[in-house]
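Chain lettering (A, B, C and D) follows the sequence in which the chains are written, and residue indices restart at 1 in each chain.
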Amino acid sequence: MANLGFVGLGVMGSRMAKRLLDAGHSVTGYNRTRSKAQWLLDAGMKWADSPRAVAEATEITFSMIANTQALEAVTGGADGILAGLSAGKIYVDMSTVSPAAVRDLAIQVEAKGAQMLDSPVSGSVTTLEEGKLSFMVGGKRDTFEKVLPILQAIGPKATYVGANGLAVSMKVATNLSLAVQMLAFSEGVLLAEKSGIARETAVEVLLNSVMASPMVKYRGPFVLKMPDEAWFDVNMMQKDLLLALEMGLQLDVPLPTTAIANQMLTAARGMGLADKDFAIIFEVLARMAGVK
Amino acid sequence: MANLGFVGLGVMGSRMAKRLLDAGHSVTGYNRTRSKAQWLLDAGMKWADSPRAVAEATEITFSMIANTQALEAVTGGADGILAGLSAGKIYVDMSTVSPAAVRDLAIQVEAKGAQMLDSPVSGSVTTLEEGKLSFMVGGKRDTFEKVLPILQAIGPKATYVGANGLAVSMKVATNLSLAVQMLAFSEGVLLAEKSGIARETAVEVLLNSVMASPMVKYRGPFVLKMPDEAWFDVNMMQKDLLLALEMGLQLDVPLPTTAIANQMLTAARGMGLADKDFAIIFEVLARMAGVK
Amino acid sequence: MANLGFVGLGVMGSRMAKRLLDAGHSVTGYNRTRSKAQWLLDAGMKWADSPRAVAEATEITFSMIANTQALEAVTGGADGILAGLSAGKIYVDMSTVSPAAVRDLAIQVEAKGAQMLDSPVSGSVTTLEEGKLSFMVGGKRDTFEKVLPILQAIGPKATYVGANGLAVSMKVATNLSLAVQMLAFSEGVLLAEKSGIARETAVEVLLNSVMASPMVKYRGPFVLKMPDEAWFDVNMMQKDLLLALEMGLQLDVPLPTTAIANQMLTAARGMGLADKDFAIIFEVLARMAGVK
Amino acid sequence: MANLGFVGLGVMGSRMAKRLLDAGHSVTGYNRTRSKAQWLLDAGMKWADSPRAVAEATEITFSMIANTQALEAVTGGADGILAGLSAGKIYVDMSTVSPAAVRDLAIQVEAKGAQMLDSPVSGSVTTLEEGKLSFMVGGKRDTFEKVLPILQAIGPKATYVGANGLAVSMKVATNLSLAVQMLAFSEGVLLAEKSGIARETAVEVLLNSVMASPMVKYRGPFVLKMPDEAWFDVNMMQKDLLLALEMGLQLDVPLPTTAIANQMLTAARGMGLADKDFAIIFEVLARMAGVK
């Protein structure tokens, strides 16, 4: 069993750390707010007083952070992860941040004699809890092979995609489909509803059809009742789409459906719905169709 | 066990009939080309010389026909299904044809004292063979309940959506997502590929992600190698999109992603790719991106 | 000076007839409602009791009719234009109807020994009154050359585009830009307005810029105050876009901006704005942007 | 007559300076490459050895610069325009640069006791030479009124839009229509051409129709023969669209046609056409339609 660290014990991170504990690993954790990690401490996790302390105390440090800026905060400075890394250690970041930020960080990690992987995930809290989370991994292949058995304690499928930064690129290339699929789903629900089919029935049929991706299965019912709290809101989804559109521009890849879905999310913000789960794209289309 | 009929023993229809035979039902079949049905006759199916003869000989007649015009050919005239129907019989059409044609046909069936269901399917040959096909069903609810156990011999899930014609509407509302999802999938593959990730790897990651609907899992690999024979070609897919767009126009439902996917399929035809599986939408986008 | 006939003395037709009178031609007219033509009779126009009587009494008969169905009503039957045509006469239809209907009509005209031109116009009432209307003309070239000097009494520019029906095709290819230009104009006005520029100012600047087509100059001010009566409403505009989309489908021409503008007009109908001038596309976008 | 300065004597700037000379004003100019300004010196322009020297020697200094970075080069530093400004002087920048850069510059100008206007133009070299250029002006209104008579020597129409930076915002809101109009124009030309109308004829008819904006009149013929040298290439046009899309994102204004035109320009780059005039969007669509 390995000696692991985990920085960033939020909704996703904490559940990942728990799965590592459950698999029998030693886990040392750090979170900005300690109280939120109490249940993990009760389950056997050790505490460290800083990201640096986590990295110093363990062989492999994982992090799961909200965005590029927050990632820089936990990796840099006197108390940061970088300060705690040394030869032979491995740092695995699971956040979805900009590919450029990941590449920069990997260079700094290697300057310490350590190795980095970027390993963003595909899936939600539910996917994670069902043990079905999948990973895309960027970095050196032999580092990937060392870490693979540990990742599999979290989710069954990890695919090596290439050099550092490429896993984040792959994540962005994946996420554009989420917004587009929800928009097409919404078009179908509204067509069915205006044909005379109950919205509940339309959703049920679609969720049993060949177009029902895991994401649609999970988020489709939101068009019947939006969740009280957004799991991935309009602003978050649009940040991923913008990253995709920026990549498309740099790499000369036209992204027609991404561009249209992005404009519909802009309309969601125009209509005052920015903090709703991005499934609210249905509501934007419904208003355009004159459906209450 | 029931006394069933089946008209239209093509790729889908023949496999459906086989599942009915396997479930222990008596099946009497008719196909324009008898030789194609030999394997079913070998498996115990009885032959009838016309659609009318099928309907006369059985309690419930199923049909699976390519398009509206062909459906009219097997239902009308002296040898048609209508001529063979009488009080108490049931006719179940599984084709994807225009809702208006279905409504007209249902009226003629009722004039015979019989009942009709429209029961299009969601899924491909593969889905059917895996026993995972799902049905949407339109017609009278008590007729639906009578036929339900028999449908379940073909696929596990049948959802009653309302009056005759509505199941076909629901089917169209489902199918628009197929083209849109393949286009968004293609955007993601090309973004990943131009980032430096091998196309094979990009496809693998996407197929293991939350965006991988059954349709994407099935058709996504086509961007690595197009099938020799299209299973659902550009023209077929575009016919369904046009039916969706026509419904959107009549019902005042804007369909932005459907409209864009439709234009990309038009481009596929412009580029001479009309007879390819509609996954060729990837090739259209690849040419726009300058990818060979 | 020529001996001319005019059938269909509506808003556009009557003003055209007046220009022909003003140019010194003899004009014999017919309109379903005679009272609407009184001012033309006062100005020297002769009256005929049927479309047939117009064609019998004159060398060249013009018509300006609302749609394909109405055109069939004035050309067919015992009292129709066709019944009044004979060898050597010319019939010029200026309506925007389906290319197929025009081609059929031309064949019937030739069977009478007469010649037909389809000659739809580009421009509004205002353009007409300013003497700036332009024509596209389909039919035999020598017939076009005979009629050209007379058309020029109505508007300065007539372009021969080819065989019968092609002028109507050309008209449709022109009109798609009207909806698209108004949508792009609306995007610009809303961007400027939300930047802090008064809507009036934004409109003024745009109307003085290189993007100000005659149509935009005319219709742009509608975003400040919609006219009480639509000059070309959402339904009319969408009919032209649908004709374009149908042509695109048949001819394999992708029409991305036409498709998007069409969906926005569908949204206008969904929002209950079908009978407004199509400049109401601004209102659709404004609602999406949360602008009152 | 006024004592004026002009920095940036490129294709547009030099022709503006010439119009100021022709109007009887004294003009002192500076350009990075003096030789390009020889024809203006021959026409009576005075030379200054730096942007600073221009500002020191004159009451009102104009500049016309390619982009934000180049503007910073001529305004900042020891030899820059800012260094030459003092109380009572006026600085008018006609470049299309980012609104934020303009606002920053205006603050620095006011710190010198001087006043700034941002005054981008609508129109091309041709528009300028025909004396039809129009201006949008941002800054203090009384400064605008002082400069107005001088602007009118260059072009007839200048509209005050509000505070510094707003004129550049207005320019961006205008320019998005250029790409969209060319794309819609291309759709029309290809529809007509595939209907059987010669491309030359289709262009001629469109240029005589109500959709023919000054920009379309100027650029439309490029679909018959692309110019040897681009006047506004794909990269330039796309920069303006990206600025519009960024504004739309910040201000919550959906920009559906802008987004689509932008993706088609990305396709132009994917096809290797980045350095062509943006009218090459026609070629992108033609390839999608299978037209050579």
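Quick notes
Convention: contacts are C-beta pairs under 8 Å (C-beta built on N, C-alpha and C of every residue); 3 or more make two chains touch, one makes a residue touch a chain.
These numbers come from a predicted model, not from an experiment.
Over half of the residue numbers found at the chain A and chain D interface occur in both copies, marking it as a same-residue contact. Comparing chain pairs B-C and A-B, the larger number of C-beta contacts belongs to A-B.
Rounded to whole angstrom units, the spacing between the C-alpha centres of chain A and chain C is 54.
Averaging C-alpha coordinates per chain places the centre of chain B 42 Å away from that of chain C. Chain A and chain B, compared by their mean Cα positions, are separated by 35 Å.
Shared interface positions of chain B, i.e. residues touching 2 or more other chains, are given as 248, 252-256, 260, 264, 267, 269-270, 288-290.
Taken together, the touching pairs cover every possible pairing of the chains. Interface of chain D with chain B (complex): residues 256, 260, 267, 269-272, 284, 287-291. The touching residues of chain B, when paired with chain A in their complex, are 99, 122-124, 127, 134, 136, 157, 159-163, 166, 169-170, 172-174, 176-178, 180-181, 183-185, 187-192, 194-198, 201-202, 204-206, 208-216, 218, 244, 247-248, 251-258, 260-261, 264, 285, 288-290. Residues 238, 242, 248-249, 252-256, 259-260, 262-264, 266-267, 269-270 of chain C are the ones that touch chain B when the two sit in their complex.
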